[in-house]
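Multiple structures are listed underneath, in structure tokens.
Shared between the two complexes below is subunit A, which pairs with subunit B and subunit C, respectively.
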Partner chain A sequence: MRAAVLGTGQTHHAARRTDVSMAGLCREAVDRALEDSGSTWDDIDAVVVGKAPDLFEGVMMPELYLADALGAVGKPLLRVHTAGSVGGATGIVASNLVRAGVHQRVLALAWEKQSESNAMWALSINPPFHMPLGAGAGGYFAPHIRAYIRRSGAPNHVGAMVAVKDRRNGSLNPFAHLRQAEITLESVNSSMMLWDPVRYDETCPSSDGACAVVIGDQAAAEASARPVAWIHATAMRTEPTFFAGKDHVNPQAGRDAAAALWQQAGITDPLNEIDAAEIYVPFSWFEPMWLENLGFAEEGQGWKLTEAGETRIGGRLPVNPSGGVLCSNPIGASGLLRFAESAMQVMGRAGAHQVPEAQRALGHAYGGGSQFFSMWVVGAAPRP
Partner chain B sequence: MTDTMTEVAVVAFAESPRVRRNDSTTNGVEMLVPIFRQLFDTTGLTKDDVGFWCSGSSDYLAGRAFSFVTAVDAIGAFPPTSESHVEMDGAWALYEAWVKLLMGEAEIALVYGFGKSSAGLLRRVLALQLDPYVQAPLWPDSVSIAALQARLGIEAGLWSEKEMAAIAIQRRGLPESVEDLLEQPFVADPLRKHDCAPITDGAAAIVLATGARARELCERPAWITGFEHRTDSQHFGLRDLTTAASATAAARAAIGGNVDVAELHAPFTHQEILLRNALGLGDAVRISPSGGALDGNPMFAAGLARIGWAAAEIHAGRAGRALGHATSGPALQQNLVCVMEGR
Partner chain C sequence: MALPLHAPLEISFDYTRSLGPTLSRFMTGLAQRRIIGSRDSTGRVHAPPIEYDPVTHVASTDFVEVSATGTVLTWTWMPRPIEGQPLTHPFAWALIRLDGADTPMLHAVDAGSASAMSTGMRVQVRWAAEPVGSIRDIACFEPLSTSETEPGGEVEPVTMVTTPIRLSYEHTASPEETRYLYGLAEGRVLAQRCPRCRKVYIPPRGACPTCGVPTTDEVELPDVGTVTTFCIVNVPFPGQRTKPPYVHAAVLLDGADIPFPHLILGCPADEVRMGMRVQAVWKPREEWGFTPQNIDHFRPTGDPDAAFESYASHL
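Now for the complex of A and B:
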């Protein structure tokens, strides 16, 4: 059965949203999504909530306490957690409920209020049988970026180019946490080195924020007064964090998920057939890395698209026109933001960061040690 | 739902030993590998036959962010798998997998839940499920909250300490009499030790399969005919704690007729009575032949295990229709009902 995004909503993302409670933050996104989708609370059959580790807020399974605020009382309430990919997984689980014919209209919400704790230390964990993870996600991923640069021979300025593009895109997005229209290659390259080669301006911020999406069945989509985003394909794949032969630069799980996604969407040449992509890029260099992993470029060639300016708005494949994770990173919500922004593009509701005439768009998220992948393709028209 | 939907059945179930404390790490792998082995031996499947994996567990129980991430090591998830995780009891992971199978995106799913409750002080850990602004700072623990519920039911004449003790004797096969048990001290008035589920480390896993595949894998599959879950408000002042409206609503939507047996996820004796009332189960219904959560309550696995034990009654031919129930949250806030039948 067919399903479509009827509407989306997000918060103004910021380092500290001390003006709202966790419930207030969530409701800001939900209320906007209900309005954007033309839905009332009574229309919602079920609520799917996603967020990253509960230790980020210090509340165990916070959706239990949030049940009232999310209008979930008397309804089914599901809580998804698939690490950083969770926002994407939340959208996919919600769409599955509609596509399976179980529900007609489902509210998906993903959120994180990072200011309640310190995410970097919440992520500096000591898993059984593994090396302890120190200095948070940046410390974990920087060696993979160095391996990418060594393998591909990419010039050093590519990472900074991504940062400049995304932060300038973010300045077009009224909801973005970081909005830096004046950023330059020079200013990025003079910012502090955090985890070589990732500089301060090339890393995602810690944000408070939420994103909500209302997904409806074919009847709801056809009855909608405004354009909807038809869900053409979804895919999720998982592999272990570590194993002999794991390719941290170009993980098999990401390649497999992309292959399944393009096949389901009937896409044979993603670079030409996708008009806009919202890709989970928490550190600048992950743009070229994921361009290759997703099949937009051959292995070792992704940086050339970035360097040629093809990933800017107006290029062959605008990547993260919203500013992406580099501008706003409420971790649990970041994946659903990618999914929602891709829907906004094909619904023509992306405002100043709209990619002209976007017909098909990709939303992508990943998590854990580059091991959980979730992605979808949405289109302005139903898949033929 | 329409009549043309794919049919899905529970074809195999395994549970790890219910123990107070085992030697496993908090990532669950040591508990999961043996029960996966058991499922593969029972069905003849291998990991490569599984089209979708889904699990339930909790970071807070493990005391570590991303605790489920290394649980996929139990799968041997390479080549990469189609997989998902809920921060809930595995029963809700089963629901997610059931939806996936209904969509036709997989024919076989393996669902697991695991919890190492011994890693922390469970009743304190569960206090962190409460409203972080107005309730959690007071640290009302999970046993004390259940005691409030038990007291309200006693005062409303819905159950008594005697009836509660009789349930403990039945579920756990205790040698004591009701009178003996009522001489024991309170843990949290009116709950005594026998009224409370033991703290348990453990895991459970279920194989789901569609149509013809289910018949190949199991002589008498437990076909899922109703699968529903609902939630109530968490705020105690906004709820009638002597019942669970979410359980009643889920049962009304899922049951559609009588059941022969019901496995109830009731971690406290009074909650078994409450749930029998809320689910509308008559006296003829056999309750929790496995011993239920009162005989072993591995967090995030005990609800899934209830569905597994209910399915096992069908597999063994002891029941025509069986109900598995799972709960989550303080004082039965969230409830799930899975009804299965043998044919």
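Now for the complex of A and C:
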């Protein structure tokens, strides 16, 4: 059965949203999604939520205390867990409930209130019997970025180019945490080296924020007064964090998910057939890495698209017109933000960061040690 | 075979909560020795207040003060309190409906003995000596007496609370990891080979993550290897054990099929390279324990770098 995104909502993301409680943060996104989708609370049949691991906020099973704030009383409430990719997985689980014919209208919500904790600390727990080397997500991913640069022979300035593009795109997005219209290659390259080879300006911020989408069945979509985003395909794949022969630069699970996604969407040439992509890029170099993993470029060639400016708005494949994870990173919500932003593009509701005439868009998320992948393709028209 | 090793793991963090308009009103009330509830769309009064209406789902806006005295609806006895509970001597957990409220709140009643507790008994709040705008301002409840505590005067609005959380685990190593740790305590590096795919895992897993079969073949590895990739950590953060800057490297020990994470010292950080040949520098034998930290760090051997192809499939 067909399903479509009827509407989306997100918070104004910021380092510290101390004006709201966690419930208030979630409701800011949910209320906007209900309004954008033309739905009332009574229209919602089920609620699916996702957030990053509980240690990040120190709230054990937040879905328990949030049940009434999320209007879930008397309805099914499910929580999805897949680390950083959880926002994407949450959107896919919600869409599957509709596509399977179980529900007509499902609310998907993902959030993170990072200011209540310290993600670097939460990601660097040192258990006994191990080397105490943990240094957060940057410490984990920086060696794999170094390996990509070595394998592809990419010039050093490509990472900084991604940072400049995404931060400037973020300046067009009123909801973005970082809005830096004045950023330059020089300023990125003079920012502090945090986890060599990753500089401060090439790193995602730590944000408070939430994102919600309302997914409806074909009848709800056809009854909508405003354009909807038809869900053409979804895919999720998983692999272990560490195993002998794991390719951290170009993980098998990501390649497999992308291959399944393009096949399901009837796409044979993603670079020409996708008009906009919201890809999970928490560190700038992940743009070329994921362009290859997703099949937009041959292995080792992704950086050439970035360097040629093809991933800017106006290029062959605008990547992260919203500014992406490099501008707003409420971890649990970041994946659903990618999915929602891709829907906004094909619904024509992306405002100043709208890619002109976007007909088909990709939303993508990854999580854990590059081991969970979730992605969808949405279109302005139903898949023929 | 040695019993699996175990060791304590303590995790703690002071989480900082922003309260938003409704809970801020409640906490500010507590700082004044007042209890604020919320009235929902059906007229029921919730104390503590709820942020969103259970029927209409709109944000609560109708706040009412309820009494600091109330009635026990039901209770149970806590004969041996545990750390962190409101009282250190035996007490009752009770659902207490405050006068003026329609919903009960869970709290402790300091009744002295279980025989002093009854359903329907009247109780009152015992306030903390110095209320600060925290749920702990209600120290506990006690049987109703004639002495009342006067509410305090105006206070600054309370918008944040700090929630310290501490978790205590006993972390246990697997039998295979225990053998590896005993090996390290003797200055040996013990790995295991998968009988099916022949890949050598360090530390040993007990099962091959690719083939899913038990790994039983033990392999002793040399303490020399190749840096496959690395990062230089310059950023300080809470709980960090090694002072930055330091080089966190993936070291592929000769004969292993998966890198072993460790520190590289013995040369400037900017001279560490992918492919660099390195050797373990062990701490003095009297400092050895059951830990990879018996290896203080790896140092460059000075040998020519390994060819990229030799470690390309281990990135």
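Basically, the second predicted complex is superposed on the first by the 375 of 384 C-alpha atoms of A that agree within 3 Å, B and C clash if a C-alpha of one lies under 4 Å from a C-alpha of the other, contacts with A are read in each partner's own complex, and residues count from 1 in each chain.
The rule we apply is simple: a residue touches a chain if its C-beta (ideal position, glycine included) is under 8 Å from a C-beta of that chain, and two chains touch if they have at least 3 such contacts.
None of these values were measured; they are calculated from a predicted model.
Asks: Given the touch rule stated above, what does A:369 touch, subunit B (first), subunit C (second), both, or neither?
Replies: In the superposed model, A:369 contacts subunit B only, not subunit C.
Asks: By the touch definition at the top of the document, which applies to A:120: first (subunit B), second (subunit C), both, or neither?
Replies: A:120: touches subunit C, not subunit B.
Asks: Quick check on the superposed pair: does A:287 touch subunit B, subunit C, both, or neither? Answer first, second, both or neither.
Replies: neither
Asks: Based on the superposed arrangement, let me know which partner A:62 touches: subunit B (first), subunit C (second), both, or neither?
Replies: In the superposition, A:62 touches subunit B alone.
Asks: By the touch definition at the top of the document, which applies to A:275: first (subunit B), second (subunit C), both, or neither?
Replies: neither
Asks: I'd like to know which partner A:195 touches here: subunit B for first, subunit C for second, both or neither.
Replies: After superposing on A, A:195 lies in contact with subunit C but is clear of subunit B.
Asks: Have a look at where A:21 lands relative to subunit B and subunit C in the superposition and call it first, second, both or neither.
Replies: both
Asks: Just checking: does A:36 make contact with subunit B only, subunit C only, both, or neither of them? Give me first, second, both or neither.
Replies: Touch partners of A:36: none, neither subunit B nor subunit C.
Asks: Check whether A:102 is in contact with subunit B, with subunit C, with both or with neither, and answer first, second, both or neither.
Replies: After superposing on A, A:102 lies in contact with subunit B but is clear of subunit C.
Asks: Touching subunit B in one complex and subunit C in the other: list those residues of subunit A.
Replies: Correct list for subunit A: 21-22, 55, 57-58, 68, 73, 122, 125-130, 240, 243.
Asks: Give the list of subunit B residues in touch with subunit A in this complex.
Replies: 1-2, 5, 25-27, 29, 53, 58-60, 64-70, 72-73, 76-88, 92, 95-96, 99-100, 102-103, 105, 125-126, 128-133, 135-136, 228-235, 238, 245-246, 249, 328-330, 333-334
Asks: Show which residues of subunit A lie in contact with subunit B when the two form their complex.
Replies: 21-22, 52-62, 64-65, 67-68, 72-83, 89, 93, 96-97, 99-102, 122-123, 125-130, 236-241, 243, 252-253, 256-257, 368-369, 371-372
Asks: Give every residue of subunit C touching subunit A within the complex, in rising order.
Replies: 5-9, 11, 13, 15-23, 50-52, 54, 56-57, 59, 159-160, 163, 165, 171, 173, 177, 181, 197, 199-201, 209-210, 228-235, 237-242, 248-250, 257-258, 261-263, 269, 274, 290-293, 308, 312-315
Asks: For a test of understanding, state which residues of subunit A touch subunit C in their complex under the given definition.
Replies: Against subunit C, subunit A makes touches at 16-24, 27, 41, 55, 57-58, 68-69, 71, 73, 113, 115-118, 120-122, 124-133, 135-136, 138-139, 142-144, 146-147, 150-151, 192-198, 240, 242-245, 247-249.
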